[in-house]
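Look at the two complexes coming up: chain A is in both, with chain B in one and chain C in the other.
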Partner chain A sequence: MEALSSALDFSDFPRLDMIIAGVLGGLLVIFPATPHSAFAMATMIQFLMFSLYGMGWNTIGGYGGQVDLGKAQYVGIGAFTTAVLMVRWDVPFWVSMPIGVCFAVIWSFIIGYPLFRLKGHYFAIATIATSLVLKDIFEVWDFVGAACGIEISPIKYNPPDFLHLIFKEDIYYYYVILGFFFLGILYVNWFRKSRLGFQLRSIKDNEEVAKSLGINVHWAKIKTYAIATSFVSVVGSFHACYIKNIEPEDTMSLDISILIALMAMLGGAGSLWGPIIGAGVLIPLKSYLKEWLGARAGLIGIDLIVYGAIIMLVSAVEPRGIWGIVEKVRRRKRN
Partner chain B sequence: MDILVSSLFAGLLIGMVLAMVALGLTIIFGVMEIVNFAHGEFLMVGMYTGLLTAQATGMEPLLTLPVAAAAGFLLGIICYFGFVKFVIRGPMVAQLLGTFGLMIFLRNLALLFFGAEDRAIHQGILVGKSFNIGMGVIAPATKLAAAALSVIAFWAVWLVINRTKIGKALTATSLNPQGARYMGISTERMNALAWGIGGGTVTIAGALLVNFWSVNPFIGLLFTMIAFAIVALGGFGSVSGAFFAGLAVGVITEIPGIWDFLTYIFNFGWMADVPMTSLKYMWVYLAYFVIMIVRPRGLFGWKR
Partner chain C sequence: MGYCGEGAPEKAKLMALLEVHNLTKYFGGLKANEDISFSIKKEELVGLIGPNGAGKTTLFNCIAGLYPVSSGKIIFSGHDITALKDYEVARLGLARTFQVYVASGDMTVVENIMVGCFMRTRSRSQAKTRAEQIMKDFKLHDLSDYILSELPVASQKQVAIAAAVGTDPKMLLLDEVAAGLNPSEIEDIMATIQHIHYNMEITVMLIEHVMELVMKISDRVIVLDSGQKIADGNPETIARDPNVVKAYLGERYVHEHAGELT
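Take a look at the complex of A and B:
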């Protein structure tokens, strides 16, 4: 009960923020009622999914300061668990999703225990290495469809099927992921004020001091890593039901891991709204650039050139992201 | 037995080129503690430079090395002054993602200009020739030449770093930037030089590699990861470590051949079913992970 009231308590933000957040949240709820193209709908679903990925990354990467560039492996674990269970044994989404989370968390403990002995660059590259190892294994593993991936055939089901999450219209998917989105915000809001959240921030500031205060640094990192992992795995399961045709190459590639970290950084790592702002800027930009410059103008890769240039620009000019700029302006106003 | 010997031999040959690939990464890391994700993309630039110069002028592909080296040196310097200089002031996340942005930028620039298809060199006096060394080892002439030239280039860079004044200044900066600054060594100039040498050496490796390895815009990431594994094994910042680690990682990439040999010896049915060839590079990633956990300093490392 106490956790719930803490999760619902946003009072440490200025009133202006809450009004803006409330209005934007309301707009998200009524978005499907407004006239929109199918492309806009797909982009919005992508936006919600990636904000959730970003929120997950933000717990360990933002509040904890551990740069994790291997989140895609958990997208893969979640997606493949759901897809395999559904195709082979017809298991509903709401059962296979927790199973996927369990697998992902177990895997995160297995690799997290040795991983968190590393710091900084070494940690970041090691997470990439584990992610690529898992991807290579999935690409040759016949049980999960090897490199061709696995396809959920919607013909077997009778849409709208709320148990298996098989729908014809994107609007159902939109509301399911929107529900997860709001739950995610509440969870992170609770997390940042919880004991673990404070421990993590002290680890980020100074690990030696945190250790001397009696915090079990290694264990705190592993726990948070598992939390981040479950976020990513849940959305991975959703991804399997939404896309229906998943391959190791597009669920587990390094680009996904980087995109997840990048969104949190662009919005402002270590803040509640950061990943959402980052996803809100980056995902529409990415998909519309691809649509306009890539597909229409016939210039292959030009969308990604612009995207790469944006990454370089952000990291060179304002590494603390959009939220960092907002806070800087506020601080100046106060003084 | 033949298959084991020829796998090991092939591994050592490719390892000499891979050591050259990793050399630039370890120099850059040693001097300024920044991990360059775009390293493999530099290699790709070197491969395209070698290939296009050879095709445009019709000269022997192995003679394009100076062109590739000059292109890489310039690219490194431009990247440093145009971009890296601004990133190193920021937090580590920004450095990692920033060089990753550089990687995406270069990769897709290549895609835009050269298209997605594989390209390979089909000309030159060495193409198609091979030597039978004995014990079943057949070495393609292009690989032998590439390995030999890699070793020579590696040795030359080693000499520059260990025997010349400017190399000593570089080493001084990597050991203690502040102390080096007191001695009148400009850190900024040394950083730029490290990026220039890093870019130049990796493009040389690319121009050598393209003689027997086809190139496409997406080839970079694989070599970035291989170079990370080599640098981790040799020790971050260690030049001579990179050479021996390169040989070791070269042998690791030939694990499928060694596996075939073991399958032949032990004759277990399940061993033949393992799709080893598809898992070829997984061993490199795994090796990186294990090295980092077991011995983060690497074999010859002094930096932690």
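Take a look at the complex of A and C:
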């Protein structure tokens, strides 16, 4: 009960924040009713998906300070579990999604146990490596479709199929992911105030002090890594049903991992709203850059240059991202 | 708050809370601690002194489980803690602070203390209530919502002690809490230590270079030099011990305090 009331309690934010958040949340709910292009709808769904990826990353990467650049492997595990189960055995999304989470969490324990012996840059590099290795395995694994990937054929289903999450119109997908989005916010709101959340922040500050306060640092990191993984895997499963045609190259690429971490860092790592702000800035930017600049020959890849510039800017100007700037300005006003 | 209040059996008071038997610690070929033995009773406040490099912090780190010992045995409150990890030692009720504690990050004072309180409870409201009580005791309640890393060193040290106290320890190891503080801040921290010891009934062992502090508040002083224990006794005896004077205090201190000592 305490957990639920804690998840619903946003009272430590200033009233202005709550009003803005409420208005924006309301706009998200009514967005499909407003006139919009298919492109805008697709971008909004991407925004919600990446917000969720970022919220998951934020638990271990933001609150815990463990820069994880291998989240794409869990997108892949979630997506391929759902797709394979659906194509081969016609398993509904609501069954395959938890199974995917289980696989992802088991995998996260297997690699998290040794990986969290490493710190800082070494940890970041190791997460990249494990993600790339898993991608390579999926690319040669016939059972999951190897490099061609796997396609969920919508013909078998009778949309709107809420069990299998097969819809003709994007609006259904939008509301499903919006539901997950609000649940994700509530979960992170609970997490940041929970014992584990405090332990993670203490670990980020100073591991030796954290240990001296009775925290099993290694285990706390592994647990939180599994939480982050679950978020990513759920959205990965959704991604499979939404995109319907998934390949390891698309779902598990290094770009995805970096984008997930980058969004949370740009918005503000270690804050509730950070990943959402980051996704709100980067996803439209990414979509429009791809649409306008990417189509012009010679400018392909310019989005990567922009990401690189953002990384440099954030780490040089304000390592705590956009939200860090907001808080700094506020504190200066108060004093 | 205390573990052995008024009703505690007399036997518990006589038993040592912490026993260190023949503790030896090597770093490669370097002998940092050699064959150190001592015991501390529940009601004691013990100072640990010695020149730089004598092995004081190493001894703390061995006791607290941060370093594995090379040989020897450590018994705390009836448990053999020699092979335990640092967080396991903390959970048994042996808390510690660090010599160089530079706070970073965005946690406020109350949040830092809550981390300690969370060791004994899962409930956020319980942790918060307890943290607020400790802040009141430590006169930190005005600083509650400040970011710790933005406060002066003296306050950071007070908060570090408060967080350690938050774990509800039986014993507290304090590593140079007065280093780098000015005289009035030293007075404050001395009052804090005495409050922890006498009112909260927590056994205290402290490493300290500030002689005025350690000689004034300690019941007993243990002296290390080059990794070995060279003296163990009450502050007056220690100050007159020729070995200690030679190794550490210097003739000057003895001269200045000649009147008090005799």
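Heads up, the rule we're going with is that the second predicted complex is superposed on the first by the 327 of 335 C-alpha atoms of A that agree within 3 Å, B and C clash if a C-alpha of one lies under 4 Å from a C-alpha of the other, contacts with A are read in each partner's own complex, and residues count from 1 in each chain.
By definition in this document, contacts are C-beta pairs under 8 Å (C-beta built on N, C-alpha and C of every residue); 3 or more make two chains touch, one makes a residue touch a chain.
The structure displayed is predicted, hence computed values, not measured ones.
**Student:** Have a look at where A:213 lands relative to chain B and chain C in the superposition and call it first, second, both or neither.
**Tutor:** second
**Student:** Between chain B (first) and chain C (second), which does A:177 come into contact with in this model arrangement: first, second, both, or neither?
**Tutor:** In the superposition, A:177 contacts neither chain B nor chain C.
**Student:** Let me test your reading of the model: by the given contact rule, A:270 touches which partner, first (chain B), second (chain C), both or neither?
**Tutor:** second
**Student:** Name the contact category of A:6: first (chain B only), second (chain C only), both, or neither.
**Tutor:** Touch status of A:6: second partner only.
**Student:** Name the contact category of A:204: first (chain B only), second (chain C only), both, or neither.
**Tutor:** The answer is second: A:204 touches chain C but not chain B.
**Student:** Who wins on chain A residues touched, chain B or chain C?
**Tutor:** The partner with more contacted residues on chain A is B.
**Student:** Which partner chains sit in contact with A:193 here, chain B, chain C, both or neither? Use first/second/both/neither.
**Tutor:** The second partner, chain C, only.
**Student:** Give me the intersection of chain A's contacts with chain B and its contacts with chain C, in residue numbers.
**Tutor:** On chain A, the residues that contact chain B in one structure and chain C in the other are 320.
**Student:** Could you list, by residue number, the parts of chain A that touch chain B in their complex?
**Tutor:** These residues of chain A touch chain B: 61, 67, 69, 114-115, 117-118, 120-122, 124-126, 128-130, 132-133, 136-137, 139-140, 147, 254, 258, 261-262, 265, 269, 299-302, 304-305, 307-312, 314-317, 319-320.
**Student:** Okay, in this complex, where on chain A does chain C touch?
**Tutor:** 2, 6, 193-195, 198-199, 201-202, 204-206, 208-217, 270, 320
**Student:** Write out the stretch or stretches of chain B touching chain A in their complex.
**Tutor:** Against chain A, chain B makes touches at 33, 35, 83, 86-87, 90-98, 100-109, 111-112, 115-116, 217, 221, 225, 228-229, 232, 275, 278-279, 281-282, 285-286, 288-289, 292-293, 296.
**Student:** Taking the complex as given, what residues does chain C use to touch chain A?
**Tutor:** 64, 66, 85-87, 90-91, 95-98, 101-107, 111-112, 114-116, 118-119, 121-125, 127, 160, 163-164, 166-167
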